[in-house]
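Structures follow.
Both of the next two complexes hold chain A, though its partner changes from chain B to chain C.
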Partner chain A sequence: MKNKIIRKPRQTRVILPEKPKGPLLNIRIRNNLEEKVRQQTDELKIREGQLKLGADREKLGADREKIAEEQIHIRTKAMESTLDGIFIIDAKKADFPIIYANPSFFNLTGYSKSEVMGKSYFLLYGFDANLRIVEEIKQTLHQGKSFHGEMLNFKKNGEKYWCLLRIAPVRNAKGIITHYVGIKTDTSLMKQRDSEIEEQREELLHVTRVGKLAEFVSSLAHEISQPLTAILSYAQAAQRMLKDREPQLREILQYIINDDQRAAEVIRRLRSLLKKNKPTFETLDINTLTNDTVTLIMPHITAKNKVIRLELDSNLITIQGDRIQLQQVLLNLISNSLEAMEDSDSRELLIRTSLKDADTILVQVKDSGCGIPEENKPKLFAHFFTSKPDGLGMGLSISRSIVEAHGGHLEAENNPDRGATFYFTIPIHMKSDR
Partner chain B sequence: MSINIFIVDDDESVCRALKTLLMTYDFEVKTFNSAQSFFATVDHDDPGCLLLDIHMPGLDGWEVQKRILASGSTRPVIFISAEKKDDATDRAIKAGAVGFLQKPVNGQTLVDLINGVKD
Partner chain C sequence: MSTHGPIIYVVDDDVSICKALSLLLKANKFRVATFTNAEDFLGFKHPKVQSCLVLDIRLPNINGFVLQEVMVQRGIITPIIFITGYGDISMSVKAIKAGAIDFLPKPFTEKSLLNAITLALSESKVLNRKQAGIAKIKQRIDTLSPRELEVFQFVAQGMMNKNIASKRGTSLQTIKVHRGRVMQKMQAKTVTELISLAQKAGITPS
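Moving on, here comes the complex of A and B:
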């Protein structure tokens, strides 16, 4: 638009030297006159255009100012509305005074505006804070770097909260640090949730470990009881065969019998020491249980770069079961699947819950790993059978006995394409014969 | 008259030892390493007391006892197991067994139990 207006008078000027000059003065004069009028009109038009342009410019400037103002307003509002505590420190002053803090900052720290503004940022930490971390923040800022860290903070009233703190330098056009902008986020709730999950995981792992040990001892006891039974029976038989003969031999046999019974007693005591916890039955929703279990093992899954897909049937009916024990089964199946997929490029693990029939819930854990070699199939659920270099061979046998204690079955089969599916059933109504 | 004893235990050594012991008490003893071979050889109405292990591959002791009851047989059954569950004795009696003995079994206790069946 600017260009068009300026070009127009130039064209007029180019025409001017070619004005007709001739004997007909009147005409010339008239022509001159007309020319002048035209020229003036043009000039007026130009001036008018210039005036208009000025007005446009002024209007434009005002609009821009308004937009800028609006933007500042929105940004300020946003800063005042966010739940994160935001503060700005004057970097040019040695004591790092706070020159701005948003309302959430006051909420978070418990200090009022007058207690914060103009005061050194580090004074707010008080004496309870971890001085090592406060010193680290100072050092980082002095070096012109950004700080990022999570720490326990104290409100003015002494209340503890976990704070994720990020402070970054703000530089001017010359690259000199003029300010620091900081963001404080209260992570107490997240921390609490994390620690709850961690606690549950620990509980489950503990129960699993104790369960494994108990099952291990129980299996060992069984294996040792068999030869002890044979030894005792042989010795007692021999004693009877000797009747009144060979008193020395009969004495030796009696020692064998005594020691056999001593060994049996050791096993009995060991077993009662590691008595398995009796299942405590409660009303359970298998989908919730599955979700909870997956939450517990999620970090492990992510670390192994695998993904879990859940297909949970929303029409399931609640069952009666032991929460910890059933979680143990699921956890065991998921861990096995992850191990089966260890060297596999496939990533997906599928857990599906469904109704097998009106009275039975089916839970499937499907992996895309190495599958079950044919020769391992018959021994898969046996005590002490393991295909892992560091396995005890307890996981699946315990899982099966847990599922069976719930009146269900635990089975496994290879998938048609790749990997294996382990699945168990839980009847909705427990049969009362066990 | 001597009582027939059938022993079903998947551990061959246990079978042989118990048989040796019980023969000193003049019992007629036959041993089987699985429930299947016991059912295949012994008829439901063949008289005799059954000494039955619980943990066996294939049919376990509880299943065997169920089958015996279901067939209408009155064969006395004594469970002999390494397992000592607190409720195992109760469960054994409830299942219709004469008794439950934990391994290793004292010969005299076993014989007393068997002779109790006879009376």
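Moving on, here comes the complex of A and C:
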């Protein structure tokens, strides 16, 4: 009983004023009493400590709850604010029902909340969906793996859009997959820009190929027309010398003449077929042109683990030139430089634009590659000259003729330290043709 | 072969073409001189006979167009027929504008070459006659005294006698005497004729 009382500190007061019953008893009682008081005081102290601790704990719990609430709030807000479409699928049900989707998800897909919630995620793909991809996503999820892929999607109204989809499984404490969380990103704009760049690159490559072919045919035509000219003149001279003698020989000479002209006709037709496209001159900013060209070849540069440094003079004046042709020149010089740096540990390629003088723009492409061997220098810009195993020997000769058609010059020199610099000039005021 | 008949120059860096054209033209009774580069042609002493130049555009060092310019500077007067393996319209326009007779894409037939040569030689004849005429006028100018030459230049500019007199600070009478002598020495019957002679000789900037 006493123990019970002591444990309840409020009742101790009832015990304390107990009256003593004799001197001996009194002493004993007093002793007992002191002992009790001491005990109770100790107990009280402990109890007080315990109480204090409990209050702290309670307070801590409340704080924690508040922080957790805030965090949930922030996370929810973040999910609702992001432009990516986020959705959560219940993994315990076989038909992949959506149990959460953020507003961007509705914007992206064109479906309303009521059309989405509780419905199978894959129903949203509609009938136009690529079933192979849908199957691939399901398979991946069934294997407990994350899916990551870019695909063509359709909005509710049938509108197409490119979408980067990532779905990852969410596991509970026991490691069992309870949900899938997915993020959809609209990549249509990026895709469009990529395809525009790709288109430009294709166009440039095509022009370059046609240009190379035309230049090749033109050179070939010249090389062949030389002996054809000699053959024709020899035969006609012989005919003239024979006059009325040797009719049979004269006939043979005529055959030679006819076939010579037949060959000449073939060349003429070939040449007219590949007639060079007349350059179309427009107002151009060399810096913009340089930037555009670098954008086109950037994947190539990155793939080769090289970097391009641009030093573009912002004070340049616009020039009159053919955009495609000048891009072709620049592209050619950059490709050459990259090839020269192929086996080099140096990475940097520098393109610099500047004013050479008041009337001339200078464009330099400086590499840190193998440089130009002395014996190659005189032939560098000649037709059919190449130092590459699979080169045609047309690139630099075409580039030079393009630059010259713009009234400028294309030259090359080795750098004092390493590598070579190819540079061309373009006059700001194009001299009119005589 | 005659030593004063028309002469055809051929400049082409392709030896075979030089040889073939030489044979062809000789078979057509022309005198022929061939060169494989522009420098050799410029170094050649050109006789003052009817002539024309069959000129390839692509040549080492000095190309056909540049040679055309150098010839004008050096007073080598012979009509040019351009030949080229690169048949290019803009190029031919450029050549004709600069005074070429014709522009033949390779390979060309004997007929088209001979047609062009006939045209070029008749042009050469006119040019030579003009040259000869100028030489004759220059000979007459050489007989003028310095003062007469001065009066000749003033008259050629269309100045009146009194203006010349005041400019020279001499009397009108003196000018008239000089002028009479100029007319006599230049073999001109009228002032108009005198001015025309001056123009032909390049005395006045007309």
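Just so it is clear, the second predicted complex is superposed on the first by the 374 of 434 C-alpha atoms of A that agree within 3 Å, B and C clash if a C-alpha of one lies under 4 Å from a C-alpha of the other, contacts with A are read in each partner's own complex, and residues count from 1 in each chain.
The criterion applied here is as follows: a contact is a pair of C-beta atoms (placed from the backbone, for glycine too) under 8 Å apart; a residue touches a chain by one contact, two chains touch by 3 or more.
Predicted model, so just to flag it, every value in this text is computed and none were measured.
Participant: When the two structures are laid over each other on chain A, do chain B and chain C clash or fit?
Facilitator: By the criteria stated at the top, chain C and chain B clash after superposition.
Participant: Of the partners chain B and chain C, which touch A:Leu228 in the superposed model: first, second, both, neither?
Facilitator: A:Leu228 contacts both chain B and chain C.
Participant: Does the superposition put A:Val37 against chain B (first), chain C (second), both, or neither?
Facilitator: neither
Participant: Of the two partner chains, chain B (first) and chain C (second), which one does A:Ala264 touch, if any: first, second, both, or neither?
Facilitator: Both partners.
Participant: Considering only the contact definition stated at the top, list the common interface residues of chain A for chain B and chain C.
Facilitator: Shared contact residues on chain A (touching chain B in one complex, chain C in the other): 218, 221-222, 225-234, 236-237, 240-241, 260-261, 264, 268, 271.
Participant: Inside the complex, what are the residues of chain A that reach chain C?
Facilitator: Residues 218, 221-223, 225-234, 236-238, 240-241, 257, 260-261, 264, 268, 271, 433-434 of chain A touch chain C in their complex.
Participant: Please name which positions on chain C make contact with chain A in the complex.
Facilitator: For chain C paired with chain A, touching residues are 14, 16-17, 19-21, 23-24, 26-28, 58, 83, 85-87, 90, 94, 97-98, 105-110.
Participant: Name, in rising order, each residue of chain B that touches chain A in their complex.
Facilitator: Listed in rising order, the residues of chain B that touch chain A are 11, 13-14, 16-18, 20-21, 23-25, 55, 80, 82-84, 102-108.
Participant: Touching residues of chain A toward chain B in the complex: what are they?
Facilitator: Within the complex, chain A contacts chain B at residues 218, 221-222, 225-234, 236-237, 240-241, 260-261, 264, 268, 271.
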